[in-house]
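Chain IDs A, B, C and D follow the sequence of writing; residue 1 opens each chain.
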Amino acid sequence: MARVLSLGEAVAELVHDGDTVALEGFTHLIPVAAGHEIIRQGRRNLTLVRMTPDIVYDQLIGAGCASKLIFSWGGNPGVGSLHRFRDAVQHAWPSPLEIEEHSHAGMANRYVAGASGLPFAVLRGYTGTDLPAQTDTIKPITCPFTGEQLTAVPALNPDVTIVHAQRADRAGNVQLWGIAGVQKEAVLAAKRSLVTVEEIVDELEPRPGALVLPSWAVTAVAEVPHGAAPSYAAGYYERDNAAYQAWDEIGRDREEFGKWLNELTGVKA
Amino acid sequence: MSAYTADEMMSIAAARALGEGMSCFVGIGLPSTAANLARRTHAPNLTLIYESGCLGAKPSRLPLSIGDGELADTADAVVSVPEVFNYWLQPGRIDVGFLGAAQLDKFGNINTTVIGSDYHDPKVRLPGAGGAPEIAASCKEVFVVLRQSKRTFVDKVDFVTSFGHGTGRGDRERLGLRGAGPTLVVTDLGLIRPDPDTAELTLTELHPGVELDQVVEATGWTLKAAADLKTTPAPTERELTLLRELKKAGE
Amino acid sequence: MARVLSLGEAVAELVHDGDTVALEGFTHLIPVAAGHEIIRQGRRNLTLVRMTPDIVYDQLIGAGCASKLIFSWGGNPGVGSLHRFRDAVQHAWPSPLEIEEHSHAGMANRYVAGASGLPFAVLRGYTGTDLPAQTDTIKPITCPFTGEQLTAVPALNPDVTIVHAQRADRAGNVQLWGIAGVQKEAVLAAKRSLVTVEEIVDELEPRPGALVLPSWAVTAVAEVPHGAAPSYAAGYYERDNAAYQAWDEIGRDREEFGKWLNELTGVKA
Amino acid sequence: MSAYTADEMMSIAAARALGEGMSCFVGIGLPSTAANLARRTHAPNLTLIYESGCLGAKPSRLPLSIGDGELADTADAVVSVPEVFNYWLQPGRIDVGFLGAAQLDKFGNINTTVIGSDYHDPKVRLPGAGGAPEIAASCKEVFVVLRQSKRTFVDKVDFVTSFGHGTGRGDRERLGLRGAGPTLVVTDLGLIRPDPDTAELTLTELHPGVELDQVVEATGWTLKAAADLKTTPAPTERELTLLRELKKAGE
């Protein structure tokens, strides 16, 4: 059964240096507050996993938490590039960042395999592209019935997955609605999981389009109101598009980023 | 007729390419603008599919990202990301995949990964593949929309993120790809289509007021023009009004 | 877009002699009325597919519509055996019935592969059992990353899938809630599909736990109130357990079954 | 103490085997009775999973089938059938798989497919596998509950529908099966467990009033008894009352 912890306790207990960590979210429900807590606690050498690393991953990378990124699209949605990510890849600043690059279909299926207890997934993917040449995580596989050649990708099984959801009840059952992305699969694929929620309630009232992650499939739940901002939480708050635009200025410049980081971590400049 | 910008002509020409009743897997940015304009003009029953899992989204304003709440709120169904790729895209159910690009080459191959010849030491690190490789592979056909310049229209892309026609006609069949691949490229200067025999991208239509030389100059290979080069009809008042309303509502 | 047809029209148009036909439903929402219409229209040589063939499949088999059954559990749930199915397998009455037998996990994954446009699916299944020896539709497959051996099953792609749901709107969008079984996968795996519904409404009001099959993924919709009875349709009517028990008596005896069949098809004895 | 039937003793003994807080993949019939009784007695937080996709079902009456509306209405989550097998069962998340059987053999292998030696010309065609092969493979351990007789407890099953311990200890590991397989068989006469060394099913407990000879007589192989053969505690008044209420409500 999921334990209800504070965000600080949960990150301290579940996220260790060197871990493979997925903070998933697909525009909606991005676990930003948890990402910031990882920065504050100074984790290092993380392998970060996410289909769509956006500004919180830019921040984790810029803060030097990550040594590797497994991803399929890294950008500031609706704005442009992730400058800290670019700086790490192009100039190894603040430290080198190894990358393992896939398509969305490939990443989604890697999580599905992970959630399903299978070592790999099969898809029609990557054919003719230059992606397979850059990784040993894309291989051909032959259908034993038709002889047709398809593509295999290995399962993703993060040490810990963190997602954000709207609600949990006191027993730790989690309720999430709206765009659900790949969050269920990412949680089920992980060895440990943390769900930050807008609120903990007495009872999860059923609602259209909601999915429930049973408490026994989750390691810890932490109540973190506004924990997905500046992304959004359907039913709670809207996306803060201005904050995404503002990040472009901050992320573009190492010094500006340094100030932002000092403010987050409470270091006096 | 009102004055209009080259970008407006591009969006309107892209919208016109989408047929009523079709289904369209929509990338964010220019493709999303065009698809939403088509729904407001000649194709009210165009089905929009976004990779965030929104099937049949009917946004009243332009979404800023593929995961805007507006897309989920107005969709016929919201499914998981694995489901949208596995159950909806992969089997070839979707008529048109509508993509943008950072680089596009003579055979419609798309690069959104790196600029520069060394993947490990790129000149520019781009966002990456996203859903595009499988959209380009599995939709019945693919439309690409992007602004035309020597920088973006190159002889050979630095990195094939999404496969178009490879090195020419027949490559898709040899690889077992089921969709027809890119059949149309819409730019701010005109419409470009793969040659029926060679699959080399060839200019078939100029936007009003654009000269052939100008398009050739904005292309990184020696762009051929079709024998019967046509001119795109200028935007109608209605198209322009609706496009501007849409863009204003999206701000 | 799905066309709205009468049940008779839809079956006449979509179900042909010799077709592979899946009438799916998992205790809940079994398309019984559609099965009866297939019997009335006298289809022959069907390959019937269903995870849990129950009394409507017993009736189709007894009526001589089927030459093959692909399945994973054939019984009268909560009652006992399917006597017409047994009679066909044990005594080739009224005609021989070829069987292709799987487990639930295998059948579910075969539909998933079919819905996904893949020729096969991978699972941890059948290991050590006598099932693989009886079919060429279960084969080993090796993970190209770990070398581990798993099991492959080929996709199911019925010529036509028929399911029952609570509602459709006039545009043919289908809404279904409660236990959804494998119905979405069965529809998406099929070349053609028919959804019978309790009612056609002006608007599909969102409700908790409901899934929507968009109109463009369905071939035809037919309004058939009570079309799942004696199984149940959540929100409309309960399961008629007495009818399942009563079937045991009828199905057990060829003569009794003949009377039932004559009544269904309107033949005077 | 009230009088009770052998079937009641069997259900109560089966219920007792389920620990508080465990998760249990429940087959219909005797396993479902036992699991629901356990929730009403010592294990209120037992999580019941049904193959119809009901996770955490809390039925107030005994379901007649694995797809009763009551199971969906009271579940924490209702998922698709592919999901329950792929995401929930297959990765080994579930503590106990609780199965019935038509035939069970000396090494805990289960037959629910055909009686008779010829699959194509069976003496009796049974319903088939259902979810059992993968439940038996993937749950951390498996409990089997069935009435004991020479007909059901056979030296070797006619058909291995669900793999138990094969031909003895070590077979599961050799096949790469992750779960421990059958660790307990509950019958109307006693409790039977695989021998730690050989995995041969061995009588470890007699129900009150049952003689060893009687159990040996009801077994199709030479049943061994554990050196420290124990007696099952008789049903308590509370257990009997709750079981009878449950069965009555299910009618």
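One rule holds in what follows: a contact is a pair of C-beta atoms (placed from the backbone, for glycine too) under 8 Å apart; a residue touches a chain by one contact, two chains touch by 3 or more.
Just so it is clear, the model here is predicted, and its values are computed rather than measured.
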If you average the CA atoms of subunit A and of subunit C, how far apart do the two points sit, in angstrom? 39
Taking each chain's mean CA coordinate, subunit B and subunit D are separated, in whole Å, by 57
For subunit A, give me the residues that contact two or more of the other chains. 117-118, 123-124, 148, 184-185, 209
Mark out which residues of subunit D touch at least two other chains, giving numbers and ranges. 86, 90, 138
If every chain is a node and each touching pair gets an edge, what shape is that graph: line, ring, star, complete or other? other
Which two-chain combinations touch? A-B, A-C, A-D, B-C, C-D
Touching residues on subunit C, where the partner in the complex is subunit A: 117-124, 137, 139-141, 143-146, 148, 150, 152, 154, 206-210
Residues of subunit C defined as touching subunit D within the complex: 26-28, 51-52, 71-75, 77-78, 81-82, 85-86, 89-90, 101-105, 108-109, 111-112, 123-131, 134, 148-149, 178-182, 184-185, 209, 232, 234, 238-239, 241
Subunit B partner contacts - residues on subunit C that touch it in the complex: 1, 115-118, 173, 184-185, 188, 211-217
Subunit B residues touching subunit A in their complex are 28, 51-54, 64-69, 71-72, 78, 80-82, 85-86, 89-90, 113, 119, 121-134, 137-138, 159-163, 166, 171-172, 175-177
Parts of subunit D lying in touch with subunit A, wherever the complex brings them together: 21, 23, 45, 47, 55-56, 76-77, 86-87, 90-93, 138
